[in-house]
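In what comes next, chain A is part of two complexes: it sits with chain B in the first one and with chain C in the second one.
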Partner chain A sequence: MNVTFSAPQLETERLIPRAPQLDDFDVFADFYASPRAHFVGGPLSRELTWRNLALEAGHWVLKGFGRWALVEKATHQTVGIVGLWHPEGFPENELGWDLFECATGKGYATEAAKAARNHAYNILGWTTLISMIDPENTPSMRVAERLGAAYDKDFTHERFGMMQIWRHPGPQDL
Partner chain B sequence: MKFACETPPTGAAAQFAASLQNKLPTLATDRLILRAPRVTDFETYAEIACSSRGAYFGGPMSREDAWADFASMTGNWLLHGHGVWTIGAAAGPAGFVLLGFEPGDQEPELGFMLTQTSEGQRIAFEAAQAVLHHARTALGWDTLVSYIDPENRRALRLAQRLGGLLDGRVAESLVYRYPREVL
Partner chain C sequence: MTKAPTIIGKRIRLRAHVMKDMDAFWDFYQSPRASHMDVPKNRAHLWYGFAAEVGSWALSGMGGWAIETDGALVGQVAITQPPHFPETEIGWILFDGFEGLGLANEAARLALEYTWTEIHPKSLVSYIDCKNTRSIALAKRLGAVEDPTAARYDDADVVYRHPRPQ
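Here is the complex of A and B:
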């Protein structure tokens, strides 16, 4: 038997956002084992990466929103995961972006995050959204700035320590 | 302490969650409904996984780990087409039954996690039998296993009652294999 899920469709110019799936695992494992994952709770073993990938998928079923795996239209490669979720220990729903090594510097995070934010405001009816950023993760802050978000306050995460809350403009300010 | 993420979704998100949950198979037995997990079932999972009852499957877990575990067992449905069911009994959720397949497993496994108060009523047996049948008829499997801590006597007895046969070890666990005849 087959259980077929589709995440809500997002329109972006260069990416196809879709629900995370099994064949994303290897590219996820490479990313979360790499030093680039330092700012997002890594580096992680394959076992913990599996749990994270499954968690991202399960989040859709439990909460009705989640993060989309991003497939690059040009190459059909999975290049990252961006979207709406509520990881344990975060104070509210987050717009989060993890872009894999091969796909940085192209504005993909901004492109996908904009589409995900539109989904939050236009379809889910949310009125505010944050992004949690490691204080040393300046590339991520640049993405937040490009999205029009601004530093709001510090937040101490039980496991990750000090993080910055960046708040996005609300639907009326976009 | 509860995490903010345990708050059930509202509005359009709640509707979309329900539409995904409705895609998962529901199995009915004489006394039980095995159904898709919901955020509100997490309280029951935390009760099991964060207590000494969780010791046989990687616990007792922190509430944070239990949340990650619960969400990932749910996500298994998207990754593999099988996953965790909440065991709905007359008195509310009695626990969970799982067709899982994760790193460390050599093949798909049947797992069962019951609340303390639901023990001794053959609830796990009834739920597990329905899931074995689902594995055969809906998934087309010929066999599957349970990985059981050698000290988990209740689970060992249950696997035997279900027709499982000892089939070696993987790491610390005993492997009980369910042959085609009992599926």
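Here is the complex of A and C:
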């Protein structure tokens, strides 16, 4: 007997967001081994990458929401992971985005994050969202700005150290 | 996505983990019973391991079950093979106050039956810290036999190989 549930359907112009799955492991491992993962706890071994991919799925099961792996419509490649996140140690519900190599500079993070934020506000009924950003991760701050978010305050995470909290406009301000 | 299936035994029930199970794991890792294990440094760290054991079901059709008896969470049994494990593993944890009752034995037998009929691993072992005598005793009671030549990711572990049912 298998007990299953699925991540809700989201669609954007150029991306197909879907639940993370085992096929994503190799692109995840490449990302987490690369310097790009420096701002999100990397670089990581394959062992720890496995745990990260598994906990993306586990977050959906435990919390009923999570992050979507992004499949690029044009190439059918998994190009990143974006969505709603509230693991132990985070102060509030977060909107997070990680884009893999070769997928940056195309506005994918903004496109997917908008869809995830709309889902949070319109379907889940949330009233606010933050994004936690490493103080040196300026490309991620530009994405936050494009989404209309603004720096709110600093937060010290048990594992990642000092992070900036950026707060998104609420549903009434969009 | 797949969740852990519920399996009903005589005295216990294996079920999918829920969020509040994490509190019991946190208490367990603070206790001397966890001295043979890699203890997470904080709750954020624990979350990573816990959520991964849940999400493992979605990725690979195996992972961790909560062991429950009379509504109480008494431990965990898990079938996993992260990339650094040479073979598929069955592991178990029993929380303080529930040892000595045969509950881990019953949980492991239910998990073993499910594993051989539904997961079909090439082989199945338990990686156990060589000083963890009670866990080694359980592996033996389950019919597992030490395999001194088996590859392992931690040199402090002994490897017990579980026989495939005839």
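Quick note on the criterion: the second predicted complex is superposed on the first by the 169 of 174 C-alpha atoms of A that agree within 3 Å, B and C clash if a C-alpha of one lies under 4 Å from a C-alpha of the other, contacts with A are read in each partner's own complex, and residues count from 1 in each chain.
Throughout what follows, a residue touches a chain if its C-beta (ideal position, glycine included) is under 8 Å from a C-beta of that chain, and two chains touch if they have at least 3 such contacts.
Small disclaimer: the values here were computed from a predicted structure and weren't measured.
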Here chain A is shared; do chain B and chain C fit on it together or clash?
clash
Who does A:E56 touch here: chain B (first), chain C (second), both, or neither?
both
Quick check on the superposed pair: does A:Q172 touch chain B, chain C, both, or neither? Answer first, second, both or neither.
neither
With both complexes superposed on chain A, which partner does A:E92 reach: first (chain B), second (chain C), both or neither?
first
Classify the contacts of A:H157 with the two partner chains as first (chain B alone), second (chain C alone), both, or neither.
second
Contact-wise, after the overlay, does A:T127 reach chain B, chain C, both or neither (first, second, both, neither)?
neither
Does any part of chain A touch chain B in one structure and chain C in the other, and if so which residues?
1-5, 19-22, 25, 46-47, 50-63, 87-89, 158-159
Residues of chain B touching chain A in the complex
3-5, 9, 11-18, 20-21, 23-25, 36-39, 42, 63-64, 67-83, 102-104, 138-139
For the complex, give me every residue of chain C touching chain A.
1-6, 16-19, 22, 41-61, 63, 82-84
How about chain A: which of its residues touch chain C in the complex?
1-7, 19-22, 25, 45-47, 49-63, 87-89, 157-159
Within the complex, which stretch of chain A touches chain B?
1-5, 8, 19-22, 25, 46-47, 50-65, 86-92, 123-125, 158-159
